[in-house]
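Accompanying notes for the structure given below.
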Amino acid sequence: MIFQRLVTVVGREEVAEGIFALSLESAEVANSARPGQFINVRFSETALPLLRRPFSISRVDGSSIELLFNVIGQGTRLLASKRIGDRVDVLGPLGIPFGHQGGFDTAVIVAGGLGIAPFPFLTGLLKREKKRIATFVGAKTARQLVTRRLDDVQVATDDGSEGFRGTVVELLERNLSSNPVMRPKMFGCGPTPMLKALSAFAQEAGIECELSLEGDMACGVGLCQGCPVERANGRRKYALVCVEGPTFNCKEIVLR
Amino acid sequence: MIFQRLVTVVGREEVAEGIFALSLESAEVANSARPGQFINVRFSETALPLLRRPFSISRVDGSSIELLFNVIGQGTRLLASKRIGDRVDVLGPLGIPFGHQGGFDTAVIVAGGLGIAPFPFLTGLLKREKKRIATFVGAKTARQLVTRRLDDVQVATDDGSEGFRGTVVELLERNLSSNPVMRPKMFGCGPTPMLKALSAFAQEAGIECELSLEGDMACGVGLCQGCPVERANGRRKYALVCVEGPTFNCKEIVLR
Amino acid sequence: MIKESFSIRGVEFKNRVLVASGTFGYGDEVKDLVDVSKLGGICTKSLSWKPRDGNPPRRIVETPSGMLNSIGLANIGVHNFIDEKLPYLRQVDTKVIVNIAASSLQEYCDVLRLLEEQEGIDGYEINVSCPNVKEGGLNFGTDCSMTRRISEQLRALTEKPLIIKLTPNVTHISEFARAVEEAGADAVSVINTVIGMAVDIHKKKPKLSTVTGGLSGPAIKPIALAKVYEVAQAVKIPILGIGGIMTAEDAIEFLLVGATAVQVGTANFINPGTGVDVAEGLRRFAEQHQLADVAQLVGAMESNVEFSILQSWL
Amino acid sequence: MIKESFSIRGVEFKNRVLVASGTFGYGDEVKDLVDVSKLGGICTKSLSWKPRDGNPPRRIVETPSGMLNSIGLANIGVHNFIDEKLPYLRQVDTKVIVNIAASSLQEYCDVLRLLEEQEGIDGYEINVSCPNVKEGGLNFGTDCSMTRRISEQLRALTEKPLIIKLTPNVTHISEFARAVEEAGADAVSVINTVIGMAVDIHKKKPKLSTVTGGLSGPAIKPIALAKVYEVAQAVKIPILGIGGIMTAEDAIEFLLVGATAVQVGTANFINPGTGVDVAEGLRRFAEQHQLADVAQLVGAMESNVEFSILQSWL
């Protein structure tokens, strides 16, 4: 069930430089949301910005959902200016959630930048299912690092200002080679180059891996055909990120 | 001298239903402004609304200027949402001020609706010059009536909810015929039908009359040719409201 | 009771608001969110003979008050449509207009012929903004004689409503409308998207994979209104007005300049229920203005200006 | 030092940002607000032989991220221009391009001939979006052979830079650009405004006194970019890119698709200093990207897509 609701901002916090957490009150969305799903948000009544903007559901807390986002362009700038009590128009929950059940013991979470967004929600669920969790987070610099509500976190920064100096996938490779984990499954989210590296690593190492993609969307519900990702095989060349994703088994898709 | 400045909102008040007074801090504009002039205001950094919006300078108080406006469309809705400390981009003072000096003893001010906007400023100046003042204000209904900072006010409302029931020009005609004033000059501002009626009355009665026009403007400074008003005579058919007005001797122009 | 319906070639649409092709999928994507029975009709995504993958990403770019798309007519093909989508569409309580796209005259005819054998289709809308493969990819829709030929040939194949959807990317759209009317089409849809582009200045590349794409949304509403107005001066057949409609007020502008009905496109991406809201708003406006029939708005704009002034002294 | 200048027919403009005709008056209106010596050039309001009153109000309507205008080429006429405005323009430290509009071929020639006798004019821009009175008001600019003839005849009359300003309201703007290039013009300005309209639904009247008008501003930027790109594939002469430029980033988009320089129009109404800001921003961008010459941006967009895809499968 997809809901379209005008919801109230009930919490707002700047959690790192230019990165905000926003809580929205909506029992309906909160109750039906699953980790890996997203909502498509409209925050202006005018034609600027015209389209909704997609954001992962970062956490569910009672009857509210939390978004975690950074200010990129006009849309997120406007979203960051919202105050408690303001209203935004939410469409969701949307998309296919992470496959969090089944044959794995350790969840290896790999996030680059705001790719952490979906993982607090996933972490909560995994903990309830008593999975082991190892989390790897990459950021440009310590100032833009967010690790809140994640478990057992190891950090990489591009400039070495915190943790490992290098990419998060490099950090991951080093770690897994020195401390192999039991029956792992990887969950990745972040910029495309990182996801490509992660996918290559996962396929080489033979580890199951789900990726959550971010890309340009207009509708978020399968109406516009605006969000293709190349499929690795099958009759159809593209899948739609909004309705067939945003989570994909890394073997199903080709990133460019 | 025209200034283009980012100025701070230092006061804000809802003075009647949907009618706001906004004070803007700008010593430069305040010092050089004259009654009847206007400023052209930009209050969004986006392309919505795209163009500036013109507002009369309603009052000067030390180093700040006051606007008086009602919420009509998207621009004024946004302006009404400004808070103390917010900034707006102001271009002004613009236009030709009222001719407040010379051969008259009594200033007869006639305002319809938000046509009162320029008159607090004019009233202050006239008082300093020891002119007598009689003010006539019309509004749709008592709830939308604003008479603050005007002198010797008589009121007309369309629905009779306050003062005379009828138009402000009807009220004026009755009054002037029963209480003729010495060496009058009229100053009018308001919707076009009201200004037409006032102009006809003034010319019939042989009373000097200046009108302040409101119309669509893009630039406010003579660049776009977007604000014509028909001239009563002369070689050129139109005058530009922004640079040749907004104040005109009623005999110079033809209202349609 | 206010009359809201209108007819094309005997098919009655319950109100004057349809959803535009390519902006409402095949009608089943948002059935949880939107009560489609409150729409005048649904125009399906354009269908071609074979399924089309569409263009590589990036396909969507937001622009000031508008968006560019370069979907490349990704669609499931007419056979899959008949198998997978038509059964659902047969039971919706609104009119179903199947939109057809093709890269040859033959393909248009083949698709329509196959659809003619099916139940549950109320009419056709023909997307002529397609590359004519025989002519090196030249757009059918910018070639008046091709547009006429497509209309004539398809007219010969069906007794159902035949609506030709015109592109705005031509000098005189009224010439195309006249040709289509003479060819026997029942109505024209005006307008498809306007050619536009956007550049990523950091990558020094076009934002869309195909360089240019189609501009839609509120930004193009003034252009669409002028095109509908131009067409309304030229033909007698009904016009379906399209372009940037977000509200009932927007729709009324289109009716006033001469559109018989409207289609809501891009707005569906923001609020899939826009069409229903617009239809409801139209009814309310008619109520407030005590109109017996929404038709009283059609072409009701007063204007005492010569049409010849249209393109002059800008 | 970054090279910012460029030349057309030997006339050197100090940078690549001009202000567009009709959006900066005759250059003297805002001299207190803007240091015009920081502009590449000023294109004057279009001038005709006799003064023109222009259209009745309402002449301006705001639309989503754009505006419609129907000024009707109100101008003081070439004689008053020479007497009242040229003396000021002679002493400004920027290039002065006089824009000419006319309702007959003869009038274009007469105005240009008279201007040729004056000092202080650096070049001409020809507005062909004007009604050809002999042809019942048909627009010169939508008639390719007329556009060519105007260019040829004016070319014969002057050795100064001759720039033809093209209208976007045609199917293939590149045909017009090619005709103009063959006729010997030195450059093209792309684009003038896009035809549009808006309706007052309460009065049931067009908002503009002339029904339709010209759409400008950010809303048309995607359209303008596509037109400049199309022209850049077709001709070798410089292109002045125009349409919705508000920032240096916008200007860079135009350079990347092939414009040699740009003109700022509507943005002047919001901030008369936009042109100066854009020029400054261009310089800063070149600095940051360590370019020796802003020219390195011109046509520097990578794209491996066939032009033929332009109008296809929208």
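So that you can tell them apart, the chains are marked A, B, C and D in the order they are listed, and the count of residues begins at 1 in each.
By definition in this document, contacts are C-beta pairs under 8 Å (C-beta built on N, C-alpha and C of every residue); 3 or more make two chains touch, one makes a residue touch a chain.
It should be emphasised that the depicted structure is a prediction, and the values quoted were computed from it without experimental measurement.
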{"item": "Mutual neighbours - chains that touch chain A and chain D alike", "value": "B, C"}
{"item": "Most remote chain, CA-based centroid, reference being chain D", "value": "A"}
{"item": "Distance between chain centroids, defined by C-alpha means - chain A, chain B (Å)", "value": "54"}
{"item": "Whole-Å gap separating chain B and chain C, where each centre is the average of the chain's CA atoms", "value": "46"}
{"item": "Length of the line joining the C-alpha centres of chain B and chain D, rounded to whole Å", "value": "36"}
{"item": "Contacts with 2+ other chains: residues of chain B", "value": "47-48"}
{"item": "Junction residues of chain C - those touching two or more other chains", "value": "64-66, 69, 71, 217-219"}
{"item": "Chain-level touch network, classified as line, ring, star, complete or other", "value": "complete"}
{"item": "In the complex, chain A residues that touch chain C", "value": "1-2, 4, 42, 47-52, 89, 215-219, 221-230, 236-238, 243"}
{"item": "Chain D partner contacts - residues on chain A that touch it in the complex", "value": "47-48"}
{"item": "Of chain C, residues touching chain D in the complex", "value": "55, 63-66, 68-73, 101, 129-131, 136-139, 142, 167, 169-172, 192-199, 201, 204-206, 209-215, 217-223, 225-226, 229, 244, 249, 252-253, 256-257, 300-303, 305, 307-314"}
{"item": "Of chain C, residues touching chain A in the complex", "value": "22-25, 29-30, 32-33, 45, 51, 53-54, 56-62, 64-67, 69, 71, 74, 217-219, 246, 266, 268-273"}
{"item": "List of chain D residues in touch with chain A within their complex", "value": "64-65"}
